[in-house]
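Here's the structure we're looking at; comments come further down.
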């Protein structure tokens, strides 16, 4: 808080407030004295605990959680009815607290100043003459303040109750025994074929390239066979053409393998080598040929 | 399967687990080897276990995410030498903010500030998020789309509660004005400090 | 101090501590409040505690760094379900990548990226390789020699397919009209699943 805000602290005239204050009229039990009469007992000097020695500054800072808390403290300290706050007295004390904070170079929180202004504002509204002809009972300007104070007090109490609950680390402690043989088994996530196909449908529908492409069932097994032919040719292996066919698969299977090899040749993924006419044909994975990847993809997508 | 053995399996499981176990998980322990053991049997066994612990330093506690075995609070004093660090203390500002989130959830920061009358320290929110006591449960549909906070199961677990309903009842607004001052101890503290200060001044 | 209470304090301490406690530390628990309790008394109490545990799932065990309470090995079988962690579901990115490999094999990573429009997370590929659903079937003969992926026999086994051509064809899924196809029921199922998915996504 900057230095400029200091003059604003003088929101209330330092001299004692007028005796015929409207709040005194509203609260006959609390006849205004230079300071106050609380529950019939005149208070002629500020409560002793208003003085905060500099040593206690830290305590002071920790003690109050803001302007509502400070106000609540002032009210409770003097056993004042929260619904009938003697504004002059409370405002005066409140501002004295703020002055005190200021004196000890306490960096004033804006919220405290706002509250001082609020108190002054309520007070000024109460000092204004009330319209005589008013039918409806005018709401006490203090009502809103009282409501906020009560609401704040509820949660102050709730925080206290929460703090009283038995809690881990402070009151109770989880009991754990050592497990010598702990074989953690991480189960792998399951997926269903349906999920897989739906994923494919999603990805295809998002992709222009694929949008009008129909995958024929035959093509699928050909593509898988392309994979297995490539695996057979792993590690620069040369495999004799006929060895890549499994007669046990029958005619259909042989056809699929043949189509797969044609497709692989077209995509230049394999090479067929024949050392001499009518000699055995060997198949090996292609090397050192530059084919644009898009070209091979395109041929498939067309 | 014998009742005693069921109890012993449950005891071992609760002590082996590093977090509370929901009753379904406890029933699941028996599913392959003793499928007769159902939820009711498990709950009865837990009650029996709790009775066994009656006079001991342990207790079976049900919290939001399940059952756990914990050391009773009356043992806390004895165990003090075990801990190298003091248990974390939480400031009144944090506890008030947490209470507001617990009782008024979902609640935005500015709604908290309205009740407390002071700005919410961002560190307080961060601490509670990191402890996973609170989480962002949505955004209020007002300009700026502020985050709304709510409490978590971990919050309930930490404070030994099964559900948010078990929080102490929020004080009624008494139209005549509440009479008890929750600050009594605080004020005593202040007075003590003052006396100390006075004493040191007189030296 | 009563023997029983000493035993209960020791039990609480051993269960609250996360590591074995040396006997000196256990004696230290009593130093301020019950200085009579010496090492011998503590050791006797530990023996008494061990006897209490005779028929139960627990035991007091002395190890190099002190005493601890541990779960008896005969309980291991019962507790096994506790250690089975249910993993999170696979991401949509993984499912899409896997489906592209299944339908478009052999396919390189950059070809997958072309279709999906986003980079393929290497973890996704690794996960599928580890599960042995896909394998590297070769390298495309373009600069960088990128790996080409294909599906495995384990992939077919997992989904209960005899061969890859039992995968439903995309065209059939998109047809509006009634299908006369061996996969008709599968497709119906698929559509139902899709609706579920759509419904859950809208939640």
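Order of writing sets the chain letters: A, B and C. Residues in each chain are counted from 1.
The rule we apply is simple: a contact is a pair of C-beta atoms (placed from the backbone, for glycine too) under 8 Å apart; a residue touches a chain by one contact, two chains touch by 3 or more.
As the structure is a computational prediction, the values presented were derived from the model and not from experiment.
Peer 1: Tell me, please, which chain's centre (mean of its C-alpha atoms) is farthest from the centre of chain A?
Peer 2: Of all the other chains, the one whose centre lies farthest from chain A is C.
Peer 1: In terms of CA centres, which chain lies closest to the overall middle?
Peer 2: Most central by this criterion: A.
Peer 1: Just how far, in Å, is the C-alpha centre of chain C from the one of chain A?
Peer 2: Once rounded, the distance between the two centres reads 27 Å.
Peer 1: From the C-alpha centre of chain A to that of chain B, how far is it in Å?
Peer 2: 20
Peer 1: Taking each residue of chain B in turn, which ones touch at least two of the other chains?
Peer 2: Those would be 12, 15-17, 58, 69, 71-72, 75, 79.
Peer 1: Scan chain A for residues touching two or more other chains and write them down.
Peer 2: Only 173-177, 179, 182 qualify.
Peer 1: Could you list, by residue number, the parts of chain A that touch chain B in their complex?
Peer 2: 48-49, 51-53, 55-56, 59-60, 62-63, 65-69, 72-73, 76-77, 81-83, 109, 111, 115, 148, 150-177, 179, 182
Peer 1: List the residues on chain B that touch chain A in their complex, please.
Peer 2: 12, 14-18, 58-59, 61, 68-73, 75-76, 79, 87-88, 90-93, 95-96, 98-100, 102-103, 115-119, 157-161, 167-168, 170-171, 173-178, 181-183, 186-187, 189-191, 193-194, 196-198, 200-201
Peer 1: Provide the residue numbers of chain A that touch chain C in the complex, in ascending order.
Peer 2: Spelled out, the residues of chain A in touch with chain C are 173-189, 191-204, 206-207, 209-210, 213-218, 220-221, 223-224, 226-228, 230-231, 233-234, 268-269, 285-293, 296-297, 300.
Peer 1: Please give the residue numbers of chain C that touch chain B in the complex, ascending.
Peer 2: 4, 8-9, 11-13, 15-17, 21, 25, 28-31, 33, 55-58, 69, 71-72, 75, 77-79, 81-82
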